[in-house]
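Next up, some structures in structure tokens.
Next come two complexes, and both contain subunit A; in the first it sits with subunit B, in the second with subunit C.
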Partner chain A sequence: MVSVKVLYFASARDAAKNLEYETVTLSEDTGPRMTSVVDAITRRHPGLAAVLQTAAFSHNQVYCSGDDLEDIQVKDGDEIGIIPPVSGG
Partner chain B sequence: MAHSHSCCNHQHPPDYVPEHNKEASEAYDHFLISAEPLSLEAACSLVKSDAAGAVSSFEGTTRNTFNGKRVLRLEYEAYEPMAKKEWYGIVQEARSKYHLLSTVMHHRVGEVPVGKTSVIIAASSAHRADAINAVHFMIDSLKVRLPIWKKELLDDGSAMWKQNEHIDISVHK
Partner chain C sequence: MERPKISELRDQLHSLRKQELEIEAQILALEAEEQSTAQKASDRLTNEEIRRYSRQLLIPEVGTEGQLKLRNSSVLVVGTGGLGSPCALYLAAMGIGRLGLVDHDVVDQSNLHRQVLHTEASCGFSKVLSAVTSISRLSSLCETKVYDVLLDSTNARDIIGGYDIVVDATDNAATRYLINDACVLSGIPLVSGSAVRLDGQLTVYNHNGGPCYRCLFPTPPAPDAMANCSETGVLGVVPGVIGCLQAMEVVKLATGRKVNEDPSMLLFSYRSQPHFRSVKLRGRKPTCAVCGDEPTVTKLIDYVAFCGAGPNDDAPQWKLLEDPTHRISCERYREVQDLSDAGVGGKHLLLDVRDEVQFTICQLPHSVNIPIDQFDTRRKELEEAVQSLDGAPVYAVCRRGNLSQMAVRYIRDQLGYEQCFDIAGGLVAWQREVDAEFPAY
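So, the complex of A and B:
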């Protein structure tokens, strides 16, 4: 089993019952990917689906591009950020 | 709303050119995310030095209207450890493009009343073009990729997460 910490920001947090973060345990025996995390959190929080269409993702505090989530393997203890369009400044 | 300025002083012989330092470092590239009010003077004092002929700065402040509606206040939040990593990546890029002595970025989080400062960026350099261009590059880069968000609260009771406009970073050579 692989457990990761998922962090929700801004509109993603609003859609995730106002949770700042939660632990998500993935059932895959071998090599879960970022896509497994996205599937798991969308099942938990159906309202996230709309947010995720425009959100970026971070893996251990580094941006991952939306196209290759299937290629990014996640390990126990990893930190995944759900990053809606930013508005700093 | 934004305000920027640059100033020069001449305390060095005309042939004095500090080495082009391309390495970002917390020793002279300052980063702060804080819920406290920000001070342009305090930020600029961190980058001033006798080797600097120029200090350029950008100060972002909160606007009072959005599409004709009155804005009561803004609330900012940051993914701070990632914002710090991303910021030092931006500073590293700025240093590869421009000849900089020292930089600073202060960003406020939490509630920011209308008219108050939400972000300050400043840079020092031997000659003004580097500091001016670097500050422009760094604020554009911040707006594109730093994981920070603001929610606008309007006087009609509504609130919305904002999204920065599209910015073409490639204009910065």
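So, the complex of A and C:
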């Protein structure tokens, strides 16, 4: 089992019941990817689906894009950020 | 001599403040006629500058050399709102030599809680005039140039091209992509800030091999998913925090310090502990559409089409209800209200579908509040309210007449109740067309 901490920023937080962060435990024993994390949080918070389409992500405080998710393996204790663009001002 | 009354003195001050704006407008008009007399780069500080910037000169990171670099730098601030206000004020205060300000908006009362360049006296005046008035009060050393235009694909490169650094202090996605592309194509670093509700972001783009805005966010947000200040609100100080940090990044760029930093994105939230988090960015993305190795965007494009939304933070006007008989005008609802108040018919349910926060700000008499996003969870309550009407009509209302159309659809399609209508244009239209005393927000 792999547990990761997911941080929700801006509108992602609004879509995730105003949670600043939460722990997500993945059932896969070997080699879960960032995509598994994204799938898991979308199941928990269906409202996130629209936000995730244009969001950026971070893996252990390093930026990654939606295209990278399949390639990034997550380990126990990793921190993942969901970062939708903020446009206002 | 009779002592003047406080209220008379206040009136006098108010009219002097308006006069100040009018004099600034005359100066701007005369300056526009004259040939630009751009200050020449200078290699020493005047005695006045030494006195004025002494506290900053004492900082080794700035010093005389850094202060001269600020003095010889030009910065374009696009947007003089919540972000641009503190940013432009600090840039002028810290001694940036030449400041350009772009805005096409007019100062409105609802700007004042965050747009600290603007004042009660400047409501109704153009934002650039209001901004230049505040800045000239603060510093006569800062040369300002204003652009009272909507930045678009036809003018962006001409305007941006004359500056060393660009600050994105705008409020919408279309203009963010436009400014990004114009900066990439012109090779100018971009200090980008954004803020809405309680959250903000800050990144320096297109600098020293780092990414551009498109590298990070290749896909524009869907218009409906895009939150903006006029719809979802913003805590006054949040853009203030980000705007100040934008001014700080400008100082680092202008003094040459920024080249020693790896690219990063700063995330700010009022509601998180810690308030700030930072994400490391990679370099320029080789596949980026504008700054990549084989760019597909080689000149400015149609950004309104690209984003599916206009270059403003106005709310979209939906047209969900195709049948016009499913909607009534505010004027028509007033007649229903009059009949109902007089007790001669007009039985109905006025259903306000805004969220509770908005409902508490103001509401029409006898309205019942069930927010649209609670329709599913409070379906039983909604059904009972509708059934008890014995066929009398339901009128759904919201702020602008968008959500109320969704509500009408729900009640007609899901609950099968045909006597349901939307008050077109919502409370904004009600205030405009029926009751000027009704609060506008």
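As a working rule, the second predicted complex is superposed on the first by the 85 of 89 C-alpha atoms of A that agree within 3 Å, B and C clash if a C-alpha of one lies under 4 Å from a C-alpha of the other, contacts with A are read in each partner's own complex, and residues count from 1 in each chain.
As a working rule, a residue touches a chain if its C-beta (ideal position, glycine included) is under 8 Å from a C-beta of that chain, and two chains touch if they have at least 3 such contacts.
All figures in this text were calculated on a predicted structure; none of them were measured in a lab.
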Contact-wise, after the overlay, does A:Ser65 reach subunit B, subunit C, both or neither (first, second, both, neither)? second
On subunit A, which partner's contacts cover more residues, subunit B's or subunit C's? C
When the two structures are overlaid on chain A, which partner does A:Gln53 contact: first (subunit B), second (subunit C), both, or neither? second
When the two structures are overlaid on chain A, which partner does A:Ser11 contact: first (subunit B), second (subunit C), both, or neither? both
For A:Pro84, decide between first (touching subunit B), second (touching subunit C), both and neither. both
Across the two complexes, find the residues of subunit A that touch subunit B and also touch subunit C. 7, 9-11, 58, 61-63, 81, 83-89
Can you tell me which positions in subunit B touch subunit A when the two form their complex? 60, 76-79, 81-83, 85-86, 107, 118-119, 139, 142-151, 161-164
Subunit A touches which residues of subunit C in the complex? 79, 81-84, 169-173, 176, 193-197, 199-201, 216-222, 225-229, 232, 234, 239, 242, 265, 267, 269, 271-273, 277-282, 285, 313
Interface residues, subunit A side, partner subunit C - complex: 7, 9-11, 13, 18, 20, 50-51, 53-54, 56, 58, 61-63, 65, 81, 83-89
Using the touch definition from the top, list the residues of subunit A that touch subunit B in their complex. 7, 9-11, 14, 58, 61-63, 81, 83-89
